[in-house]
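Each structure below is given as structure tokens.
One chain, subunit A, appears in both complexes that follow, with subunit B as partner in the first and subunit C in the second.
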Partner chain A sequence: MSSKPAVAMKKMFFREAIALAVREEMRANPDILILGQDVGPFGGSYREFDGLFEEFGAQRVRDMPVAEAAMVGVGVGAAAAGLRPIVSITYMDFMMLGFDPLINYGAKLRYKTGGQLTAPVVVKTTAGAKGQGVAHSQCIEAWLMSVPGLRVVAAATPADAYGLMKTALRSDGPVVYVDHKRLFPVAGEVPVGGDAVPFGSAKICRPGSDLTITTHSFMVRTALEAAKLLEKDGVSAEVIDLRSLAPLDMKTIVESVGRTGRLLTLEEGQITTGVGAEVVTRVIEHLGPVQFTRVGALPAPISSNRILEAACLPDANRVAAAARLLQSPKKLVSSY
Partner chain B sequence: MLYKISVPQVADVEEIRVLEWHREAGEAVEKGDLLVELETHKAIVEVRAGQKGYLRKILAESGNWQAIGLPLAVLSEGENDPVPEDAQALTDLPVDFEIT
Partner chain C sequence: MTDQSPTAKLRMMKLIRAFEEALAARPDHGFQLISSGEEAVAVGLCSSLRPQDQLLTGGRSIGPAIARGVDPSRLMAELLGRSSGTNKGKGGRGHISDPASGFFGAHAVVGGNITIAAGVALALQMSGKEAVAVILFGDGAFGAGALHETLNIAASMKLPLLFVCNNNQLSVSTPRSMALAPARLSDIGIAFGIPSETVDGMDLDAVSAAISGALEHVRAKKGPAFVECISYRFASHSTTARETRSREQLTEIRARCPIVKQSGKLREAGALDDASEQELDRLVAGAVEAALKFADASPMPREEEALQDVI
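What follows is the complex of A and B.
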């Protein structure tokens, strides 16, 4: 029996948690390489690959031209040939250019070859609004949840950024790893050397008894703020960080809504065919009718104007207001 | 008169890590002297003395974390002004800081 390495809690920035997970996995597996814009000497757009170029060199940490379709295509091809690339797409909006290789080839390779080939590529990308306007702000992770063969994860804390990246780099199929611009200033304790966070495992970040809020990524923080506001009104909100959007951890979600009887879904993206729409549908499939509401961005492009951007996005007050409406039975709950 | 030197307001940042102190507790400092370098998620913040005095007590050592607005050190005008236990109550000394 081999003894497990000791786990040491260490506080670090979100970006450092990503870099540490990648570093540890790259040391353990020489097939892992990084492809992306500014991933080399610059250390990543958010410095989330800091120090990796120095340690692993230009063979394994490769700066790429501004050509996302080519980057994802090279990544999927290299994965099919036996490597394990991380393809870094600075803005999730530009993942659209890489959908063909990712969705038509990467996600289908195992099926098409009867399991003979897999494409263990991790597309790591940054979603969310932070003053950069219509084409650099979007959260389109819900679009990807419906692709068979694709896994989609999103961390809200440095610990999960670390644990989910480790799992992503050990996975056999394509993984989309989504982080968020507003999470990069965040610091938190990371269990260095601890177990990787398995996919399909949500986390109850705040227990509650009156309603369940499911959310992911930066909106976990918004949900926790809203839960504090609701507590002042005597409403006890349970907050679930989904962490993994495909697969979804329906056991944790259904058990929670079974207890609270009410569900509020929260996402920064659009609610039309959004993450929340899928969560609500599956909960009702399991439990029958429950009171629910969905909160997300207003149906408008995200402006680079700060006031318009903020008006479009969910904040704690909007979430709390929607939750209060949900507490009144038989009231028609509007999503906006 | 005693002052506290706090983590300056840097846009988007909640918390910083103390990278390196350039002066030690007890040392006399001149206005503009580099006291400490702080690390944010993407930049280094150089904190300089806003006036001359004595760096009396360091409250967040290198490698430690501190939230925006919380004190890093105590500075006094007189060499032997007694330093109170609770630095939070002291007046904030405006700091010159530069983000690199």
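What follows is the complex of A and C.
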């Protein structure tokens, strides 16, 4: 091993942070390859693989047919046989087509073979609504959190997009790496050459004392906006970016709710058996009854119609309103 | 198989038959998929493979695993849930895995191992090794979308992958004629430019010849090949499934026994007589007895092992 390179802070877009992490890891590990639609010269639908085809060539950056089931299967199988593929699934909705190889095979491989084989594959996919309708907008990461053997992460900043991708590409089992359409144009400082972000480590993005908001991915930005609105009312919200959904960093969450006494969970997906439902349950298991509320998308498909899409998605005002309700009544509340 | 002699192949078929019958006779056999009647497919296929090749199968995997050289004792232990099994007793019948023996593994989702096999083939191709992956699946998996997707990818990437469809003509109770449109299943390869062949899966020599020819194509880096073996399943779908065929049908089917056929051929050629066949049967019975003894002497997993090797 060479000595640790110096860390340099560099401002870049979210998509550039992904490309940089992948590039650095591909340089370090010849077993990493990318399988996906339009990942080659096109550079990925959101240019999150820009320049990789040019550097690593068609053997390691492979455009695939529109066949998500086989694409995930080929990735998982190649991982089981010694490679470290990144399988790019353009929209998270399409991951459903690849659930069989990922969940029935990849996530169970270590267990079912008694530790003989593992599938170190990274399924990178893009969640979130951005005007593309009912089958191109979903956030279904909560579905995946319950699968034994699967790790699920979702970055909210370019720095974490970089650091979590590095950890994903060094993991010894399957990882679902969820990014977000509305985060790609976001810029931020990235500690280039810095430590990879470990899984199972949440981050307090804003300290507060009156309530804890747990969230992930794009909704971290919404939570921070809501926290500003609440500040004007004299309510101090602590915002926790979960970063890793499986495993969950319960220590950070429980410690925070233990201080604030109130919990608001926020996600862009559904709240029924959602990420928040799991966070709330585990917090109560640790702390006993606390006041909580869950905020997520309305229980309806996400339309490409901009009025209906906006109506479904949580925004800062809705989060702030739910937080205000949480401040007063003693009863437990749940709001859409 | 290291010994490629006709007698060794016959012994291997007998071993599969005796092993499965002994397993099915156990009161604690559990849910098993028996391959009796399909031994020529397993042995014809595996006798053409090299040590560095990897075989993946569907759930009816006992015969292919034995033919590939998985230790019968560790296999029996696995099938009976013992921790000394190939998969520490965790995989069970549909998930036997022993990559060190070239048996990458079974996977019990019908059609589920087809895409995985293409990934294994991709890894072998990129490693530069002179090795191929083989996916053995039944006619039940033929109707799954995974096959179409994988044929396309394997052909366009010229993957070192051999598709072998063991067409035993029954998917649990549904006859292949009710479920699958093509008259010849191997015709599916034509659209992808994949050399394809249909052979009599009850004839060891026919299977061996077809597989060897197909492997020659794959090993020459010309891309995948497809072989359909038409066979007959002697038992019902599983040890817990009802038999749907009549006694008359079963008698007629069992008269096509690939072991009897091979034995007859060897006797005709003067390579086998009563004494030497009895000797084969004695060796096989000894191996099965040893396997049962090994499994019975092995402990069941401890409860805490449920949480081991999960992540």
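What we mean here is this: the second predicted complex is superposed on the first by the 330 of 336 C-alpha atoms of A that agree within 3 Å, B and C clash if a C-alpha of one lies under 4 Å from a C-alpha of the other, contacts with A are read in each partner's own complex, and residues count from 1 in each chain.
By definition in this document, a residue touches a chain if its C-beta (ideal position, glycine included) is under 8 Å from a C-beta of that chain, and two chains touch if they have at least 3 such contacts.
Since we're looking at a predicted model, the values are computed, not measured.
Undergrad: Just to be sure I read the superposition right, which of the two partners does A:76 touch: subunit B = first, subunit C = second, or both, or neither?
TA: Once the two structures are laid over each other on A, A:76 reaches subunit C alone.
Undergrad: For A:114, using the defined touch cut-off, is the partner it touches subunit B, subunit C, both, or neither? Pick first, second, both or neither.
TA: A:114: touches subunit C, not subunit B.
Undergrad: For A:196, decide between first (touching subunit B), second (touching subunit C), both and neither.
TA: Neither partner.
Undergrad: Kindly classify A:284 by the partners it touches after superposition: subunit B alone (first), subunit C alone (second), both, or neither?
TA: After superposing on A, A:284 lies clear of both subunit B and subunit C.
Undergrad: Kindly classify A:148 by the partners it touches after superposition: subunit B alone (first), subunit C alone (second), both, or neither?
TA: second
Undergrad: Does the superposition put A:298 against subunit B (first), subunit C (second), both, or neither?
TA: neither
Undergrad: Touch check for A:316: first (subunit B), second (subunit C), both, or neither?
TA: In the superposition, A:316 touches no partner, neither subunit B nor subunit C.
Undergrad: Among the partners subunit B and subunit C, which is in contact with a greater number of residues of subunit A?
TA: Greater contact footprint in residues on subunit A: C.
Undergrad: Is A:185 touching anything from subunit B or subunit C once the two structures are fitted on A? First, second, both or neither.
TA: Only subunit B; A:185 stays clear of subunit C.
Undergrad: Can you tell me which positions in subunit C touch subunit A when the two form their complex?
TA: Residues 54, 85-91, 95, 97-99, 104-105, 107, 109, 112-124, 126-127, 145-146, 149-150, 152-153, 156, 308-311.
Undergrad: How about subunit A: which of its residues touch subunit B in the complex?
TA: 11, 13-15, 46-47, 182, 184-187
Undergrad: So in the complex, which bits of subunit A are touching subunit C?
TA: Residues in contact with subunit C: 33, 59, 64-65, 67, 69-70, 72-83, 85, 100-101, 104-105, 110-117, 148-149, 151, 173.
Undergrad: Using the touch rule from the top, collect the residues of subunit B that touch subunit A in their complex.
TA: It is residues 12-15, 17, 40-42, 65 of subunit B that touch subunit A.
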